[in-house]
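Each of the next two complexes has subunit A plus one more chain, namely subunit B in the first and subunit C in the second.
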Partner chain A sequence: MKPLLLHGHERAITQIKYNREGDLLFSSSKDNKPNVWYSLNGERLGTFNGHQGAVWCIDVDWTTTRFLSGAGDNTLKVWDCETGKEIGNISTNSSVRTCLFSYSGNMAVYTTDKALKHNCEIFIIDVRNVDESISHADPILRIPIKGSRVSSILWDNLDETIITGHENGDLIKWDLKSGKEISSTREHEHLINDMQWNKDGTMFVTASKDHTAKLFDAADLMLLKTYKTERPVNSAAISPIFEHVVVGGGQDAMDVTTTSARVGKFDSRFFHMVFEEEFGRVKGHFGPINSVAFHPDGKSYSSGGEDGYVRVHNFDSSYFEYNFDY
Partner chain B sequence: MGQPMTVERVTTRAQLGQNLTVATQQSSPYLERAQKWFFSIKFISGALQNCDILFPRVLLYRSTLTRVKMAKKKVDDKNSLNGNNTKNESDLSSNDDEPNFSDPEGYVDNITDEELLADILKQKPKETDGVESVIVVDGVPQVGPDRIEKLKSVINKIFVKFGSIVNEYYPVTENGHTKGYIFLEYSSPVNAAEAVKLTNNFKLDKQHTFQVNLFTDFTKYEAIPEEWDPPKPQPYEGQGDVHHYLLEPDAYDQFAVVLGQGQSVQIWQNTQPDPSLLEERHAWTHAYIKWSPLGTYLATFHKQGIALWVGQKFSQYKRYAHANAQFIDFSPCEKYLVTYSPQGDPQHPQQKGIIIWDIRTGQEKRSFNPEGPSSWPIFRWSHDDKYFGRVGNDVLSIYETPSFGLLEKKSIKISGIRDFSWSPTDNIVAYWVAEDKDVPASVTLLEIPNRNEIRKKNLFNVADCKIHWQKSGDYLCVKVDRYSKVRKEKNETKYSGMYCNFEIFHMREKQIPVDSVESKEPIQAFAWEPVGSKFAVIHGESPNINVSFYEVRVGQAPILLKKFEKRACNHLFWSPGGQFIVLAGLGSNGGGSLEFVDTHEFLVMNTTDHFQMSDVEWDPTGRYVTTSVSYWKTKVDTGYWIWSFQGKILKRVNLEKFAQLLWRPRPATLLSEEKQKEIKKNLKKYYPQFESKDRMRQSKASKELIEKRAALMKEFNEYRSKRIKEYNENKQRRLQLRNNIDTDELDADPQNVEEEIVEFFIKEETTILD
Partner chain C sequence: MPVAEEVKSSWADEVELEGGSLPPPTEVYENGFKIVTEYAYNEDDKKMKIVRTYKIEKRVVSKSIAFRKTWKKFGECANDKPGPNPATTIVAEDVYMQYITSKEEDNKQEDDALEKLKALGDKNVVKCRTCSGDHWTSKCPWKDTMLAGGKVPDDKKGPAVPSGSDAGKAGGSKYIPPSLRDGAVRKSDNLNMARRDDATAIRITNLSESTTETDLEDLVKPFGPIQKLYLAKDKQAGYCKGFAYIHFKFKNDAAKAISMLNGHGYDHLILTVDWSKPHPN
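So, the complex of A and B:
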């Protein structure tokens, strides 16, 4: 089926996310204004206006009442989903690279970039009652990161641990009660751009600049599977209904001007989660894909690219009929 | 411990810990050593079962460190502290506050230095006798004591060139005359060896020639036994069957893959459905590789020369020492090997640039110096290895084998000869001569060795010629670039109004008739069908590139069979068996387009591409085609793809640093023509047999794949079931976090679902009513 092309951003898409029910699709871009769309028909519901810099990360809580966005203007903002009004603003020392609500939605985590004299830091904040006071409230926990900066983050479904992916390829699991590192692993050789849970939050898939996406066990960070491509991988997602992994990426935006779309390999690629075999590709973007997400019902998926488009793809019936023999 | 030192007090364990961390942060060789010391001491004290004794030891260790770091400063400090600047170990023990460092009474040090400091002792300098650096120079003039200084300065001048002379000894007789031999010692054995190499047999003057030896050589030669042991005859080691690869029952072909600058060379067998690796060696070659024309030998390039490898195990056959050889060429029957080293060997400047070797004996047959600009191969071989020739200034030199002399002892004088080419099947040479004032250009066919001109064709307005023999020697095509106007500009001739003629020589007909085909468009490529009578031409200017196919028939001018218009290709690759052809766009301009054409009915079997591909190669039987992107040309997406001759993709192999893929050639078939015809006729009979074989292989492979997948799935499911169990056990906790609303499934909590109806705008219609 023809994909829906969501053209509301003026610059490269940085992240896309569905809400829990999947009726809404949130997108952020370097053009400062996150958007929210009806995933069903691609109609734009609204924008979140207020950031002064590229928006790097977004999240929505499980009740779809509040929306988080972190940006290059050194702020993290909390928004009311229904009205699109800014209800909280936290100023930071450097760009906010990742942000997430906890499972309960009572807490949120965000991380800042390493910049000038400032170290990369992880902040856990209380977001039960957000108002203006949040801008000078102390965080619940603050973890300075001495080494490589955090480039992606995940929160477990018991509000107890977080997992961070780092610029050098490290994966670290943190205990939030003590603020200490529980375990870490180094399976990637390069920046981990994105991490996404499987449906039950026991495994997650990482997307790395080292041309691979990998599947890890959440409890002990054990490497389970590797999905190899020939280009940097920017994002990867796990189907909620099948053992499928979708991987998006492509040649770095920097090098793209000198190459054609064919060399860039800006396709979404589908892998079997267990066999690590590629079984399908979806073309369309004319720049690298920066973010992919499965609809929670598994019947469609979306991709956001450096070209500024979000493409919503509904799967054809052949996708549901396709089976691997084993 | 005689030096002044300071000791800071450590009284509590906590403080000790602190101090230790401070110490470990200062990393220095002293620290390491001190640590070792510390641990060994700890070991001893552990044996003494006295914990308190640890304190003084640690203290000692710490004090050593501080002493090293701040010895001087501390001395002053100490003066001011207690006015005693010669505090030493014995003082420490007498002080109540200071711990006791001395060994307990009756303590026996039973640990040797080797045990404690083995790694440090290893670095201890060893004695050498230094004899290796001594040379003995004989044949030195015998002089009296008055001239000894002069002799020394002369000798010094000669020998100091190889390194500094640390010692010299001139033995003298009772009356002070030198004895005619001297001893010199260099600072290193390398210098001594160099001196021996270059000054042995050095002529000082008419009477005196130096005989220079290493001093160690004397002992070596003294030890030679009186009686000579004849060397034992080595058992003959054959190379095994060098044609082993041809006995493969399924006639699978082999191909070689080179990664990087020869970092790795792989030999693959193109088995179905997946190729299998036969051999992989790292640093097998230092540049690239080459197969011999019949596929017997694999040639590798090395600094020292060329090596050939044969047989089932690819064992070394022979080496051909030609330093920095960069180009090689085999004679068609694999008897001779030509190597060319453009830089030559700096160690042997007298060695010539081109050497012709006998492959089987490894002997150098003849060497030449390259003369003037020429394209490789400079020497071109006749089909039967009997003759080889090269073109010079107004001469064509033909040499004979095995004498390697000029045919009839002289070159053939042909004024204005530009290029020549041997027929692939007969001892006939085709050459062309450029225009010169009143003499027209011409193409001549010359029989060798009797030098009969069997055909000559004059041509006018010729800018350039290219000679293309058809592989079975039936036809010769000379592509003639012609001009309508010519201008002379500063010694450069500029042609304009270019057009092109194809002169087709019918070699097998009486008198060799010549046909001509003219093309007004520029020609991009030309290729004969290897067997058969067709040729293909790419002509036109981008973007109107066309491909035309012609057929040559007996007693007829070539006829145009088919013209494909507007194609994106720049190279033609005929199947070695004819009939099938691949039209390819190579390089960055070509875009990697691929078109597989059956020229029987001019059916385009498949149109596809391999982006940025740099090479196309048919396997020797015409069943497969490989396209490859070499890292010599581009750095991204290097690798090779294997296609069937119909253009069906069989395998994509993306390999970093992939450089070269070469199919192993096969010798010509041994079957007679009748037999081949018979097989072709009965192809239908053989077909089902191969078909079933292929199907069996396919099903075996898919069965293996399914088994592999099933195993993976089983393992994964086992892991999953454990995690799912944990997940279900945590359900209560998850509910607590989300106000007891079950969000595990989208429709897990139907009571809590709030239905919202959203209206979408679909389309607007305007109807105008009258």
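So, the complex of A and C:
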């Protein structure tokens, strides 16, 4: 396959996301302009200019009308997808680490870092009518986190609960009516970088710094499968059409020069979801992969790396013909 | 995608422009391809012509996707033309998914390449450049006695030097392709090589655009067995470029074909057929 190399960022990619139909691919990086691309031909549709710091998290709503981005400049911004204009801006006390539209698109959640004597907090906000007033509006719910900070987040159960992944490896499920913790589990030993749903929202895969990606049942946070690698895992995604999990990672950016000189640890690795066995690798990045995403049709996937490139891969026919032997 | 107006310039304009600035970039749309030509200076201050060819595909998509395709570009790329901007979108080199069948094989790959070499037997691995002995050049016993470019007298040469005809037998220091090694079916190979000689090849020109390989095969088969048939085709459109090469098995057949087909009318054109190389006679 000939990947498309999207070079719209000057610094490391932090997150990439497809919209629901998969025709657009959003990317954010440590430079301050999130980008949006047509996934088919790699044409850049636009950049969202306005942030002052590294953009850590992005999300796009169900109808691809609004786009959410949270950044290290202590702001969360809501954008109009079509024009790239900023329609809402919320100032926070510390940098925004995760943000996500709810399934209905009526609410959004964002979390802030623990910094400058401010605790990590989860905010649920109403995003039905976004205008300037959103910066003064009170959040629907505000959950202060006493322990380790939230590093990744997912909406669950038709917007009734959320699941958070924490810096120390905790997974916690929160009830949004009461704002209380329902259940929690500790299967990871280190920071959970990323969490992504499977297609029907019954399971999700976590990517952790402890060199593993794990598959959990969403209903009771039960650990189902573990995908082991020998490097920190930054992102993992589940194929919408096959029982495949793609895992992206590599050593920490700060350790790249001091550890193994061998190239080839920066590849996307494909695991069989059930048998936990790696069956394929795709090379290409010159640095650790920070984010991977499957196209909603399962026929292509993208990865964004520390090298600042997003690579869009359309699978060869060999991938579709591949049968896992067992 | 909106179609830009076709830009046409005569060569005379281009020559005139050469004095000063670079010619303007052009975009041409023809049979499903968009061809963008740009000019730039390279590091040596020489003019460069950059030609990019895009294939234009039409796809049927849902309404919402089609609508999004009409969105205007914004932000940094508000001024970009329709279509991917080569500055931000690059087609990367081919990569392939490496399939790993089992854990054991995965571990094998990690093995040191040197181990493999060692396993082959140390005889063939190390060879002295000075005396062809079975050791590194720097460890050669004749190292100090030899001047650059000098030759070791035959009687002093290392013991591992197989000479002349038995080189192949000993599997000695020189690489011998498998087909030429002892035990290989040498006779048939040599025959093959002779047959592949251009002496039996003929060139057919002035073929029509619609000619296909099967047409050509039908045309030349009656003259005798064919070894190889090559029809020059356009890389993208796939139509015939007007010439073909045919390697016959026997020279007589080739000669017969030339005499019969040269001047033969085929598909509204008159064929020209000759030896592919100028005939020695």
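Heads up, the rule we're going with is that the second predicted complex is superposed on the first by the 317 of 326 C-alpha atoms of A that agree within 3 Å, B and C clash if a C-alpha of one lies under 4 Å from a C-alpha of the other, contacts with A are read in each partner's own complex, and residues count from 1 in each chain.
The rule is simple: a contact is a pair of C-beta atoms (placed from the backbone, for glycine too) under 8 Å apart; a residue touches a chain by one contact, two chains touch by 3 or more.
All values derive from a computational prediction rather than experimental measurement.
Bringing the complexes onto one copy of subunit A puts subunit B in a clash with subunit C.
Of the two partner chains placed by the overlay, neither subunit B nor subunit C lies in contact with A:S91. Applying the stated contact rule after C-alpha superposition, one finds that A:V282 touches subunit C and leaves subunit B untouched.
When the two structures are aligned on the shared chain, A:T65 is found in touch with neither subunit B nor subunit C. Of the two partner chains placed by superposition, only subunit B is touched by A:A219; subunit C is not. Of the two partner chains placed by the overlay, subunit B and subunit C both lie in contact with A:E21. Of the two partner chains placed by superposition, A:Q52 touches none, neither subunit B nor subunit C. Contacts of A:T202 after superposition on the shared chain: subunit B is touched, whereas subunit C is not. Once chain A of one complex is fitted onto chain A of the other, the partner contacts of A:D325 extend to both subunit B and subunit C. Of the two partner chains, subunit B and subunit C are each touched by A:E43. Comparing subunit B with subunit C, the partner in contact with more residues of subunit A is C. Two complexes overlaid on chain A leave one subunit B stretch from 79-87, 547-555 or 709-717 clashing with subunit C, and it is 547-555. In the three-chain superposition model, subunit A touches both subunit B and subunit C at residues 21, 38, 40-41, 43, 325.
Residues 611-612, 636-637, 654, 702, 706, 709-710, 712-713, 716, 719, 723-724, 726-727, 730, 733-734, 737-738, 743-744, 746, 758, 760-761 of subunit B are the ones that touch subunit A when the two sit in their complex.
The part of subunit A that touches subunit C in the complex is made up of residues 1-8, 21, 23-24, 33, 37-38, 40-49, 63-64, 82-85, 270, 277-284, 311, 313, 315-316, 318-319, 322, 325. Every residue of subunit C that touches subunit A in the complex is listed here, in rising order: 59, 61-62, 64-65, 68-69, 71-78, 80, 83-85, 87-101, 103, 106. Listing the residues of subunit A that touch subunit B in their complex gives 20-22, 38, 40-41, 43, 62, 103-106, 157-159, 200-203, 217, 219, 224, 230, 262-263, 274-275, 296-297, 324-326.
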